[in-house]
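Should a chain be cited, it is by its letter among A, B, C and D, assigned in written order, with residues numbered from 1 in that chain.
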Amino acid sequence: MSKNNIKNSLKTGSDKDGYFGEYGGIAAGENLMHNLEELKNAFEDAIKDKKFLDEFAYHCKHWIGRPSPIYFAENLTKKIGGAKIYFKQEHLNHTGSHKPTNTLFQVLLAKRMGKKKIICESGAGQHWSAAAATAAKFSLPIIGVMGKIDVERINQNILKAKHYGGKLKVVPGSLREAITAAIKEWSNNPDYYYLIGSTCSSAPFVDIVRYAQSIIGKEMREQFMELEGKLPNEIIACAGAGSNFSGSIHEFLDEPEIKKVVVEAEETAALTNGTKGIMQGMVTKFLQSDDGSKSLGGTSLGAGIMYYGISPQLAHLKDIGAIEASVASDKELLETYKLVAQNEGIGISFEPAAAITEALKRAKGKPKDYIICATCCGRVEKDLDVIEKLIGKDFE
Amino acid sequence: MSNRFNKIFLNTTQKTKLVAYFVACYPSYEKSLEIIKKAIDSGISICELGFPTQEASGEGPIIKKAHDHCLEKNITLKDTLKLAKEVRNYNKNVGIILMGYMSNVFKYPIDKFVKELAEVDADGCLIVDAPHELKEENQLRNALTEKNLSLIKLVAPTTTNERLKIISKFFSGWVYSLNFSGVSGSKSADLKQVEQMIKKIRNLTKLPICSGFGIKTPEEAKEVASSGCDGVVVGSSIVEYIEKNANDKNLTQNVGKLIKSFILELNKQ
Amino acid sequence: MSKNNIKNSLKTGSDKDGYFGEYGGIAAGENLMHNLEELKNAFEDAIKDKKFLDEFAYHCKHWIGRPSPIYFAENLTKKIGGAKIYFKQEHLNHTGSHKPTNTLFQVLLAKRMGKKKIICESGAGQHWSAAAATAAKFSLPIIGVMGKIDVERINQNILKAKHYGGKLKVVPGSLREAITAAIKEWSNNPDYYYLIGSTCSSAPFVDIVRYAQSIIGKEMREQFMELEGKLPNEIIACAGAGSNFSGSIHEFLDEPEIKKVVVEAEETAALTNGTKGIMQGMVTKFLQSDDGSKSLGGTSLGAGIMYYGISPQLAHLKDIGAIEASVASDKELLETYKLVAQNEGIGISFEPAAAITEALKRAKGKPKDYIICATCCGRVEKDLDVIEKLIGKDFE
Amino acid sequence: MSNRFNKIFLNTTQKTKLVAYFVACYPSYEKSLEIIKKAIDSGISICELGFPTQEASGEGPIIKKAHDHCLEKNITLKDTLKLAKEVRNYNKNVGIILMGYMSNVFKYPIDKFVKELAEVDADGCLIVDAPHELKEENQLRNALTEKNLSLIKLVAPTTTNERLKIISKFFSGWVYSLNFSGVSGSKSADLKQVEQMIKKIRNLTKLPICSGFGIKTPEEAKEVASSGCDGVVVGSSIVEYIEKNANDKNLTQNVGKLIKSFILELNKQ
């Protein structure tokens, strides 16, 4: 989408039809095509507008509290014995995850487009509370759609969003059903702005969300150059659909010497275990039945990374070997949470625990000047009760 | 394009044709077949056989519920093709198209789907989430064309003139004109808008145009028909009737009566 | 304590006996005098050590995520009609309040002093979770003391602290009893480091905590000069004992043209309604019985500002007219929470709601170029359930 | 300084004097008076009358509980002074000091407190949380000195030599040597340390030294006495006995017996 001087750059975004190699595109009804095109034009226009970008940067700084710092996890580094482990502290953002960077960007875009109402979906409720906060700040009414399963296990985000003024619609199921329901609501109300929470669905959403979140990697570059005088050797981040990971690595896509590792929940690892298919508005890897009529996949403690699909861009990048993929189990998430809390005094949510699990595995035995940076994209509050219930006695 | 659509729309006994949407194999394979046969006998010109998929992103709650029922009973696209074959065996003249989502077709995969679609002597298919920008749509369309089958294209009220011009190049069989932008069964059609749509499309094609979405009653069907379209598509309303009366032993007879009531109104024009 | 070039500067800290005017001092048993002197010497030594200060600054940046940004509350400003309302976003710090800046400073000090174990008290649990996080990061065991009343109403902070590895001792009562019990525990274990959570108790604690927190005001100066080209006309912050307020205003103490307004919980407003007395290791204003044998005061929703005493420095500053004092009621806290959530998309805790309540009152009708900055020292998570219970239906 | 302390410590019938701490007016005004009279009759040399305060930051749970009991019954410093007066009326020779915290004294306020202390013919007071650095301590100390009363100063094991030298200038009446740094009733005294403390203090003053904190049994009292101190202070142990037997009709007699058992052991030296 954007231009770039490097030949065969991986940073150019999707092609004119929204594809990344053979993935992506638009698998949407004709009734959404106009919305998507309008959105694409508005997006391309907005990112050429310095005033718009300045406004985004202003609110990133003052409202979200960006840049989020990088943090040298010294105790874990010593404990593991090997590479220097860093966290990119996205959990310090307002609302407690990487999500508000995306909601801020898109709500500004919605305003620019003159949209009067916003609709969004959510899995972990993290996107919902960030979206509702952003909508409140910019005085736009917002409707959120969440699956009943998620609503039942995530409480705080839902209360917060309610207090910001968001109206929640609960549908049976989980994130999958929420996305479908939100898209249907959007079909019925083409005057709404559909504020998607991750790098999924039809073009141009993948590019938009990735664009907003790529500030993560940009900050990382500056911060590592300042602190270490060099870039990390590996960047690791978890992925539900992949906005956090895409945002973390985008800046470095044309630097193949930097390893990029995406970690999915073991139970819903579309990138590792999925097959190519067409669902949810896009062509990508999904956990699905052989005939494509149903999605598959289990339940992970990491509500935010429990998604049976994956960003089409990531499916492409994995196919061409530009990124590696791994998985983390519930047991590992809990163990990593505990390690990070007790050694670094940071209470992380389950999602970044997936990334840090992988970071700890990879750090072991590596040279002392090898740097691994894991993006820590969420804080524990939403998961605290579950953790206490499952392993509370381990802390006594 | 199959010759059958030509014949159907050239036939002048009925000014506006009735296109009926069924969720294939719903409420069961046998019952569905019986219902469709009855519908054909009652006067429908084209039957759309919806194959079930979990997302059904274009469908409202009525049709979605029937999809979910079929999925639970492990009905697949394969079963729908089988059903299509039995329908064709029953009647050589009725138009048959399979309607659904790319997900299933892509996994079938595309070439096999088209081959079998030709084998059962259906007339084409309609894929809700396959705009021409989708590479997989191109693949499907090319394969269908090769077998002389139609990929029915949709046009929405939000489709711009510029885009309509592009899509019109891919029209085949007939054109499905959506009466509103939204999921099935969610609103009623607005006649003014429908008329405008039909006019706009007519300017670009000689193919028949069927107007669908939001037609719930015979009266509404008649009203939409007055827009000048060549056919009207009735979906949610039929599916809802079947849902609500699935256990009625007179279900088949009554669906026949329902269809007839639509035909009756359409013929009043 | 520290030297300063301005004549009669208010920024010099307490006198050699720990007094601010007639307040402060040391009202402690002889068995604590050695500890306090050791601490005073260690503190004075540490703040002359550039390496120590650099280490503090390093962890402030990378672990806590400082500087916390200032934020122009544009919607509230418009709604109120008057002065520009700003928030200093201390809630974006790691652990969600201004507290970790103090715990970080003191844990580094404890390490420097070679202390092997830490003890602390807590009211809202905010200090406890920050202290436990810090102790975990610096690998020191920690014991926390909290009142039963507070433990029962504050859950998340207690769970978090437990997960960081902190051991909690519950005593009957509230913050008052927790402080006394912690001090007793310290008396019994003079080898512990007593990590106090606010600007209270005997010298040198008031100076230490204020020193650590004064980074708030320093950041404010820089940030306002950058963003507005001038300093705020008023700075407002809530106070339990007063670390947040002291930290917010210290930088500006010698600039009388900047109004400084401290806001207490109406039910425990020691500065406004208290009388001079000697309790809790210090001379200051307390809500107390006429004979000095008992403390008085009711219960506020703002658990963190529910303290029947006040920083002796603030008692002094109020006496000499350098600061103003106000109060906020529970009803106001709830109303302000709602206003901030719905208009700015920020979920604040009850404590900063006190400051913002006052800011909104004062902003009304003021000239458009008048700037009021309220320190937003906590996020809502710990109070969310209480809010939902009390006014949840108002959001429907 | 009152002459009474001189007399008490010059008296040689008992080598090591017994200083007994009571929570004044505990369990009730009358009972407390009765107990203290009995204690005097049983041989204590000095009685410390603790006045109740909420914080009682130097006290462990035993004494704190008695304080809380008094506070609930709205016992104040005023009542303690009244009690002191009745004790003095009963016995002209026993040393009487009021013991407590600055909070109450400050609010009394200081001058009035000292005036009344003199009026009841007590010998001074001991304020736990009033180091000489505290301005209010200076004020209190000056007022007491003017009335020839003592502010008993404390020395702790953690008090540095340098500091001890400074404090020694403020010694009056006798010196309270703390056996450990910690709250009352929390630990036992360590003889080695006590000996060292006494020696250190002796080097700086001619005044009597009483050793307190952590003396729970007559045997422990004897052991501490062997350190060379002039008196031992027993507090928690007496208060605990009263707490546990508050409803015993023989309470007064039994406290007398308890005191006697301490005296007996002390006299065995």
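Just so we're on the same page, contacts are C-beta pairs under 8 Å (C-beta built on N, C-alpha and C of every residue); 3 or more make two chains touch, one makes a residue touch a chain.
This one's a predicted model, so the numbers in the text were calculated from it and none came from an experiment.
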Contacts common to chain B and chain D (chain labels): none
Clusters that remain linked by touching, chain A excluded: B | C, D
Chain A and chain D: spacing of chain centres that average the CA atoms, whole Å: 68
Chain A and chain B: spacing of chain centres that average the CA atoms, whole Å: 38
Contacts with 2+ other chains: residues of chain B: none
In chain A, residues with contacts to at least two other chains: none
Chain-level touch network, classified as line, ring, star, complete or other: line
Residues on chain C engaged by chain A in the complex (per definition of touch): 61-63, 65, 68-72, 75, 89, 92-94, 132-139, 156, 159-160, 162-165, 337-338, 341-347, 380-381, 384-385, 387-388, 392, 395-396
Touching residues (chain side chain C, partner chain D) in the complex: 17-19, 22, 25-35, 37, 176, 180, 183-184, 187-190, 277-281, 283, 288, 290-295
Contacting residues of chain D [partner chain C, same complex]: 52-58, 60, 71, 76-78, 101-108, 128-131, 133-136, 153-160, 163, 167, 178, 180-183, 186-187
